[in-house]
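Some structures are shown below for you to check.
The two complexes that follow have chain A in common; it is paired with chain B in the first and with chain C in the second.
Take a look at the complex of A and B:
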């Protein structure tokens, strides 16, 4: 199940994009992150101490940045192996949209667990994902802009019409231009 | 299992010292959540401080106004106590519905509310009755206690000593249990105490929460049909392979009606 959230951060989109690729900033914002190092351009290695309820365990996590479209969006894929307990895999797609003097950060995150971890914890996955994603993106946004606010999102549907109508507008405009040309050249 | 130090203090002061002197020490009461977690290696405390032998944490005390249950009192004890049954029958019903006989004979009230699992039963009674949580350093009102998933107002090292439940004029707990684990997919505790009517839900959200619209409606008329048309927003509710957030939202309404009927409404 996907979790979505949106934050409004003051400042240009490039600044937010740079921060999303800044290892030091990410390290400070990932809850329980003990170390984070860049392995390659798109790969990071993290050690995360997960402390939620009765669980307190250290996970080695490989983070890959996929679908890089600077300065607009990327997908962060995290994979952890918890030894005998099983494994966890999470993805978060982050999209940045420019508005007047601020940037809208939209994320959509998903997390899955496997092995024994799933047997005992599947009922907790949604809640835990919501909490971790909000902790991360919340502190990330506030780091860039102390007054950053979480914007209410009503499902994914609410966001779709804007780009769609813009596309139709573009098609309409193009048609209009073609029609005018056609009349003029006749 | 792996190696850890096991302590069994007999006083609260001793338990506090043990907890403070070992950074990775953990309190254990019934161990119904902590032990399975340790077996999975998802927690590896160096020291376990067993609080089951501390006299101050035991016992059930009933007076004209309240039922006070010690933190180390097991669910089976609450379920079978004649005094609790007489004072707040809904509380003994709830305790009798927790998990299976093994869990009820090991698990404790303090352990349940300190852990604050989103699907635990006791938080519904604590919040539904507007109980007071007594710790080694202060008293916390139920309304200020449950903060989120596995998150409570307890500070690091703070120990729950007892919970004081006010007697109710009428109260009932209805739950839709997971058929395998008996955890509450959704559980609703409805109560009318001297302080008014309260409706508390467990299993559905990150932690136990109240439904003010239902409380107002029941205040006008304490009957199941007063709740008709009141919907709970599914947006922040839990979802898993057993029940989606929307289904849980629906179950809150169904369980609330059943609880009101069982309480005589």
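Take a look at the complex of A and C:
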């Protein structure tokens, strides 16, 4: 499954980049996150309780950050295992572009789910992922006390109309979250 | 006719326990000190296993043991055997890969067995399984027939180039080619037979037990054929001789073929029970059923029909590719070959037929027999093709069929594809169905629908099936690795009640009633004094089980043969008691009478004399009254019929509603019309399900099963089905004394093509000449839109 999206985040690019790399902020903003730790400069490990449709499980997720080009872009490669609930695996690329008074975050991810998650939840994964991303950005924006506007999110199945613009603080963390999620979800 | 004898709609004796919740299914059985098994299954479609780390699982609370394929291999456990070999066109054998109960180093479908955890509770076993670390190295996978046969397709088995299991053919290719050259017209069609997931109401379950004192094993399992499981598991997998292995298949909640096969879990629990010295129980949950019960159908075919200008069928040429899944399930190779292509004559006198079948391996759940097993695939293809020919030639669906039906006076009829039909009257079934469906009034109803903006269609399908499988010598010549007779025992108890022991297994068919009716008819014993026992190798002498609509035609005939022996012996006993010659004894209505006199004894008195032989011809007759018979049928039986579906389509939504459904079937003699009607209802609903709703979907890239629950796999529901009109037109089977043919699968065979023909008929007026199956609202809507564009 492919999904991509853009968020407009108030604040300079460096600040967004830093927040995206702040493990404490991420941990508090990722829905269901039970733990998130930095294993090395380029590796994160997370445990997230997640539910997609009827599948609810604790997902152990490993994320490796690659092609780090602060504060412009990076790639996340992730794998998430939910035991009997199945697994997810994917790659996401996050790009931050400077804009007037704000930062434009663009992400594009390609991920797969397997096991029970595919058998009973595959229809729901894309929608659930989007919701989780939105939840994350909501929390994230409140956390940073700033505003972000989601410009557009669309998946591989076709363009989804952008929802009424809401104020969110979004960060590449979006990506992270998404990634974690997808991986989790898987 | 006896009060509750043959032909009477006796209420099912077994239903009291079923509807009061008193049935005893495998999962209802609990053995002292039992452990619960959880099977860890592959989450990947295809992968190499580099390592399996089980230490953490073994240390988890409540866990007693964790086993992998390596443990079974180290114990010398064999693979699951395949019960039917099919040869390639050149006579070489099919590719027959190993089928381990648990994999050793490679998984080949999502659901493949990887490890087994035994724990004190089911939950503990399941939790511990999460702690098993499997190091998978994912490999490219292939799940559908097109991809599997592509040039660069990933290989499921290294020993099967092109993923081909076998490339088989039947019929006279040269005669067919010659007929096509002379044909006035050729009509061709491409059809898919959609892959189905069986979904019996009761998920599979198994309990293994080992008695160290005696060395006896017991397996309780959800099986349609416990003796076959004993044979396969005992001889090929675990190396347990028959006398040390008891297999019990208690009440079973539906099978539809999916519980014929010998599954890995049966061997795992039996083997593990000895390893740990405690009974081991495994019960599938519904999700597990989706990825571990053998699936059904899954064909892609191209067929061509050569016709004369007058509409005579001259020849049929069929090319089919069938998906067998990742491993060969017990009877998988026979389904797309001998149970399919031999039925391509259908009800028609097509003089030349040639069919090629290439069966392929894919990274999917193994595919095997499912209600109808090959015959629904044949009927679907043929009846879609005939309907298309009727439309293209303008001859019309009734006239074209009538023109080509095998005449009632030309039986026995040898088809060009191996079978010899014994009897039938296809036009009589067609005529009956047309009448009940009020075919003549259809145009009026179509107009009325059109006034409401709806598209109405009517579809006809005839079918024939080969049931009562099978004459053992014929089946053996075709590759079957077992005999296909049946066994029955009539045990007359001292007080005159009767215990019937049958190798047939009842999992919804109502044998406890139907077989009791045979006894009542033959011996005059009250039906309440007849008990039918089945499903236990310790109680039943032998048996081959229930599938292919064979229970009555083969199992019932074994009972008839045993009843004949009982009657003959009873006459001898009565002759002694009445001081007459046994040739003069008449056995009727439970009384044995000296012909032409009023001197008689009751059957109860005869039974008592047999067991208390104080006044008994001990010099010429053994005491006791119990007889066993093995019955091997002389031919298949050939139920046939005509189904008519009438549908209405909403062009705005693509939703198809089945408004009327008529089944006019020839099942030979009917023992219990109520049970037969119920069988037809169930089969028709399954056929409608295949036509409109059910579709197994794998993700082509990842090989993941996407329809792994009833949220995504759409089963037909009560509100999808109209009132079903069921009628019969009987011609008697000529080669069994009962004249019976079998009724278990017919509904699922005739209904699918009838419904799709009706959908195509409804859409033909707006330029649609084909719809994909299942004809879901989205697909119908798309077809309508494309035609309009």
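By our rule, the second predicted complex is superposed on the first by the 134 of 186 C-alpha atoms of A that agree within 3 Å, B and C clash if a C-alpha of one lies under 4 Å from a C-alpha of the other, contacts with A are read in each partner's own complex, and residues count from 1 in each chain.
Going forward, a residue touches a chain if its C-beta (ideal position, glycine included) is under 8 Å from a C-beta of that chain, and two chains touch if they have at least 3 such contacts.
A quick note: this is a predicted structure, and the numbers were derived from the prediction, not measured.
Looking at the shared chain after the overlay, A:83 reaches both chain B and chain C.
After overlaying the two complexes on the shared chain, residue contacts for A:56 are found with chain B alone; chain C is out of touch. In the superposed model, A:114 lies in contact with chain C only, and not with chain B. Comparing chain C and chain B on the residues of chain A they touch gives the larger count to B. Contacts of A:123 after superposition on the shared chain: both chain B and chain C are touched.
On chain A, the surface touched by chain B in one complex and the surface touched by chain C in the other have residues 53-54, 83-84, 116, 120, 122-123 in common.
Chain contact summary for the complex, chain C toward chain A: residues 43-44, 110, 126, 129-130, 287, 290-291, 699, 701-702, 704-709, 711-712.
If you check the complex, the residues on chain B that touch chain A are 33-34, 36-37, 40-45, 115-119, 148-150, 178, 183, 206, 236, 238-242, 245.
Listed in rising order, the residues of chain A touching chain C in the complex are 53-54, 83-84, 86-87, 112-116, 118-120, 122-123. Chain A contributes residues 1, 52-57, 82-85, 116-117, 120, 122-128, 130-131 to its touches with chain B in the complex.
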